[in-house]
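Letters A, B, C, D, E and F mark the chains in the order given here, with residues in each chain numbered from 1 onward.
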Amino acid sequence: MLRKLSVATITMQLLKKGVRMASMNGVRPLNKPTKSIVGPAFTLRFIPGREDLSSPETLAQPDYAPRVAIEKVPKGAILVIDGRGQSNLAVLGDIIIERLKFRRIGGLVTDGGIRDLEECLRADFPIYACGPAAPASITGHAGGDTQCAIGCGGVAVIPNDIIVGDGDGVAVIPAHLASQVAKDGFEQENFETFAKLQIKKGAPLIGTYPPDKHTKTAYEQWVHAEKKD
Amino acid sequence: MLRKLSVATITMQLLKKGVRMASMNGVRPLNKPTKSIVGPAFTLRFIPGREDLSSPETLAQPDYAPRVAIEKVPKGAILVIDGRGQSNLAVLGDIIIERLKFRRIGGLVTDGGIRDLEECLRADFPIYACGPAAPASITGHAGGDTQCAIGCGGVAVIPNDIIVGDGDGVAVIPAHLASQVAKDGFEQENFETFAKLQIKKGAPLIGTYPPDKHTKTAYEQWVHAEKKD
Amino acid sequence: MLRKLSVATITMQLLKKGVRMASMNGVRPLNKPTKSIVGPAFTLRFIPGREDLSSPETLAQPDYAPRVAIEKVPKGAILVIDGRGQSNLAVLGDIIIERLKFRRIGGLVTDGGIRDLEECLRADFPIYACGPAAPASITGHAGGDTQCAIGCGGVAVIPNDIIVGDGDGVAVIPAHLASQVAKDGFEQENFETFAKLQIKKGAPLIGTYPPDKHTKTAYEQWVHAEKKD
Amino acid sequence: MLRKLSVATITMQLLKKGVRMASMNGVRPLNKPTKSIVGPAFTLRFIPGREDLSSPETLAQPDYAPRVAIEKVPKGAILVIDGRGQSNLAVLGDIIIERLKFRRIGGLVTDGGIRDLEECLRADFPIYACGPAAPASITGHAGGDTQCAIGCGGVAVIPNDIIVGDGDGVAVIPAHLASQVAKDGFEQENFETFAKLQIKKGAPLIGTYPPDKHTKTAYEQWVHAEKKD
Amino acid sequence: MLRKLSVATITMQLLKKGVRMASMNGVRPLNKPTKSIVGPAFTLRFIPGREDLSSPETLAQPDYAPRVAIEKVPKGAILVIDGRGQSNLAVLGDIIIERLKFRRIGGLVTDGGIRDLEECLRADFPIYACGPAAPASITGHAGGDTQCAIGCGGVAVIPNDIIVGDGDGVAVIPAHLASQVAKDGFEQENFETFAKLQIKKGAPLIGTYPPDKHTKTAYEQWVHAEKKD
Amino acid sequence: MLRKLSVATITMQLLKKGVRMASMNGVRPLNKPTKSIVGPAFTLRFIPGREDLSSPETLAQPDYAPRVAIEKVPKGAILVIDGRGQSNLAVLGDIIIERLKFRRIGGLVTDGGIRDLEECLRADFPIYACGPAAPASITGHAGGDTQCAIGCGGVAVIPNDIIVGDGDGVAVIPAHLASQVAKDGFEQENFETFAKLQIKKGAPLIGTYPPDKHTKTAYEQWVHAEKKD
């Protein structure tokens, strides 16, 4: 049910459940048109680069976390990469995007950059990131760990948290709140559909959104009528 | 007459009149293609959020400034919202945009974000902001005042200052300078039309733009000839 | 040969030759679709503005560096302007772009803004910058020098360094490394074409990219076969 | 009772009551040694400067808010000035500090700079700010309002909220929470005195702070013994 | 006469003469107590580093600008170094400070860091900078030019502009304005001495500072009386 | 031997060995006078906070990483805490400092803030951090892991890397380079002692530092003479 909800709705539901720190800063949909995503998080973390840790040879090490992660992230999961908020360093490029696509991953989210971006977008795979960046990750990052708690876009991501993305960006739903957010979010969006209809017809904002008693009654009648259809 | 002038021309005229602090930082046109705006400012101000001031219940208070402002901003005016330069917090979303449109407001300008952005753009209403942001205003803002002096994009906005926006962004014209800026700006753009013609034909930059005596004479002749047509 | 290489490839080759500080921050292609550029750098430098150095009269001084530069930058060269990373101040506008185009310059690169941006893009001339900005340079810059060592987007640019730009942004190749970067970059991209084919067919990342012995042998066979065609 | 509590304790008590957004960023005690402050907020707000609003003549206008505020802030209150987080612009200097001292104001808090700082400190009046800054406010600010809701150091300040400052910086207590924060904070600090004694004697952190059952019993005995003394 | 004026006074005089962009951001006195400076600027400029331009061998090149500058800056002049606002990179260290002291330079001003800072301060030579920074300049800078127009702390510095520094930081006086600033600044400080006396005695701010007619008359009498002494 | 070397020397030796990314940004000694530190790194990592992960109850969980780390960091080691560069959030306070002192830890390094700072400094334990910050870690952080690769002040820290701190800040020596850095650094400092003596006597910078042949010979003679003493 989450798949039908907007990120705006989800962040409001999280706020109502006491979670304000849920929306990533600076991470935006790069595909045009936007490709929405929903799925459990699989995490990868970079640390700051250092010349002895970040040489081209590093990439060929069999246990190099950023390459291992690409092969381990499960079908349908969202690969979330802590790119340290460095929009000018790529976390990966077009060859890896092809592999993620082949493996049927649900999408990529990072607070870093993407290299060969135009090629990547041709793969028609969902990418949420800070934008293009030519330098490879080893230019300024070193490999960290995979499937640990990370930060991305300034928010916490725990493996298996639910990641949602649309035109407004990316939010993280703590796993234990996902079903309740889905339920209440569906109800919220239903009301907003009704409220928007009233506003378009000329109803004033105050009293309509949020609703006063009169609007609540009218909404219930509308819901009732809708169900009949 | 201001409506025909570019924001680039207006900022140059303001500079010539001693005003350098006139162009908003980070505020850009979100509609594609750009929808130009000109109109008097109606202002709204947010302050930093605090949990006791920024709960969902706050939105339903009858005197909640951000909702009151939507109903009070006059037809044709530009609603300018001090979003504290927080691009990752929305100042409003699609339902409110529909209300602004219904009320025939001239446009929205903010140094904050917009939620449900794709829906908002479908309303075909002029929006200048920092981009999309899912979290509702109460996630990090609290309501301030309406129709007071504010800052937006790092520049002062006094109610009834003239707001102009185009593809280059948004500038603020102090109300008492508006007619002179319009007059001198029209003259500037007329000369620039002439200068661009010369440059396209191969005239060197130096002597043409800014003009030396020779170019000034040629311009006068061109103006004279244009008037005849 | 550089013309066929991506900026991503070039930054990797520079890294392999010990140069990590090569890619500009915040400088992006403004034309849609992207117009790739390659050419030697011709440099111009702004300094912070000051009211006595940055009046409109300054623009008419015959030795004003920013105007002199426009007339001196040679055909095919890339004009690189140190705009002090101020995305909210323009370094130039549409009339100057027309002059650069007339003089058959290879392109413009700056870590500042561009005014009259929509007009500039109509000229169909390659522009890499931080985006639109209405205020003229004299609003906050003063003129510096031309053809000196500068910084742009946080990287060093020495006159005659080779500037390359594409959808991923802009990189600077030290002049003495250009031919080796071109040669090795061509080899790198050839291998990546092969690797991407394998990945698309389902080859795992590890062993393929970077290649192990098996992949290296397969690549050599593929190169051999390609040459025959 | 608040006067005896540290800002660290107060922010913890606010967090326990659901308020995380309470501590100012970048605002620090400038007197050496630190002069602690507690008192109700009296607020003043600057907006971005503009040449027509920010001339030296402005300072002499009888209703210029920044001057009016100095004469209106009551004895014992804390003057809190929204300096727009501009550490490089002064909000006031030594002559005004002398007036605040004469009027027996409780202290000054701002997220801007202070001019003539060394002279100001000689007045032996409590100042919390971002540090020294030579330029007068009118260099980059314009006057706003007084006694309205403001932001300072990124947090909301409502007139009559309680402002507390010590070596760790400045926190804002919503007026309606002040007495409960005082009461619970006193209890917290009492326990921490006990816990620190145990830690100094070699007690492990875990079990002691936060306390387990054993530590809680020992604390109650200690409290009982203290009361007897 | 400038030597007796505070930087706060000087920036106010510059503002009155139309120059708002005069005070350096982030540059502060590092000696305790502050060592005031006044003198003509001698400039040095760094550009962003690049591994081929910034190796340890570079330092030994006979024409390496940063070393040449140390030997060329004249006795009494202020060495102003454009450290690109990088507080985490040193522009120089203790050995060079000793050389500047031996050569009787008037002081050092930079918007970069200083290495071996504690050793440097033992030399008892005036240093205005962003603070300590261990990495040598070549870690992230490359050498640029000497005695050219530069930016430092966000303001323009032209060789022979007058640099003044005190506890509030550093300001730049355009050479052609220096004598007028000195004259008017002396008058300003004289009035402020008077005004502060009145304020300390209990005069209200409004009417005293800025002065109304009554205060102006009283000031003239005070000046007259002072002269007699 | 490292204990006698300055951080400035160590960063130069690392640069000579190809490591430029070694010095922490924004991390400074808080004790006055500075307390130098050298020792192997023991690491702790925070992630961004989230209300469900960052409640006061979290602190009492027996496996809460930030508390476990305090009890596990070995005698003589340096506790390095990734505080996410958030200077306005504390990573710990005075009670924990007392425990670290009791356990004879070598020192604390973090790119976050410290609460109860004045109390902490009374413990006379070496602290390198961004400064005071009242809010407890749970206000904006959540607990991550211990003894993993982290970033601190923008540089990589691997457990058992050697951490050194003095008045210039903190550097990280990759464990495998430590003995060579110590050896070459000792030689460098010996030469610098000689060079500084020459500079103080009036030797010009060029030829002395870096040394030309003549200076090298004089240095060798000085070394020889020193050894005899």
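For this structure, a couple of remarks:
Here is the rule we go by: a contact is a pair of C-beta atoms (placed from the backbone, for glycine too) under 8 Å apart; a residue touches a chain by one contact, two chains touch by 3 or more.
Note that this is a predicted model, so its numbers are computed, not measured.
Touch-path distance (fewest steps) from chain A to chain E is 2. Shared contact partners of chain B and chain E, listed by label, are C, D.
Of all chains, D has its CA centroid at the greatest distance from the CA centroid of chain C.
For the touching copies chain A and chain B, the fraction of interface residue numbers used by both falls below half; the interface is of the different-residue type.
Taking each chain's centre as the mean of its CA atoms, F is the chain most distant from chain B. As a whole-number value, the distance joining the C-alpha centres of chain A and chain C reads 31 Å. A straight line joining the Cα centres of chain A and chain F is 36 Å long. Shared interface positions of chain D, i.e. residues touching 2 or more other chains, are given as 20, 22. All chain pairs that touch, listed by label, are A-B, A-C, A-F, B-C, B-D, C-E, D-E, D-F, E-F.
Taken in their complex, chain E has these residues touching chain C: 18-22, 47-53, 84, 142, 144-145, 148-151, 154-156, 158, 172, 174, 176-177. The residues of chain D lying in touch with chain E in their complex are 56, 59-60, 62, 67-68, 70-71, 88, 90, 93-96, 98-99, 102, 115-118, 131-136, 138-140.
Residue ranges on chain A touching chain B, taken from their complex, read 6-8, 10-12, 15-16, 20, 22-23, 25-26, 28, 34, 166-169, 171, 192, 195-196, 199-200, 202, 204-206, 209-210, 212.
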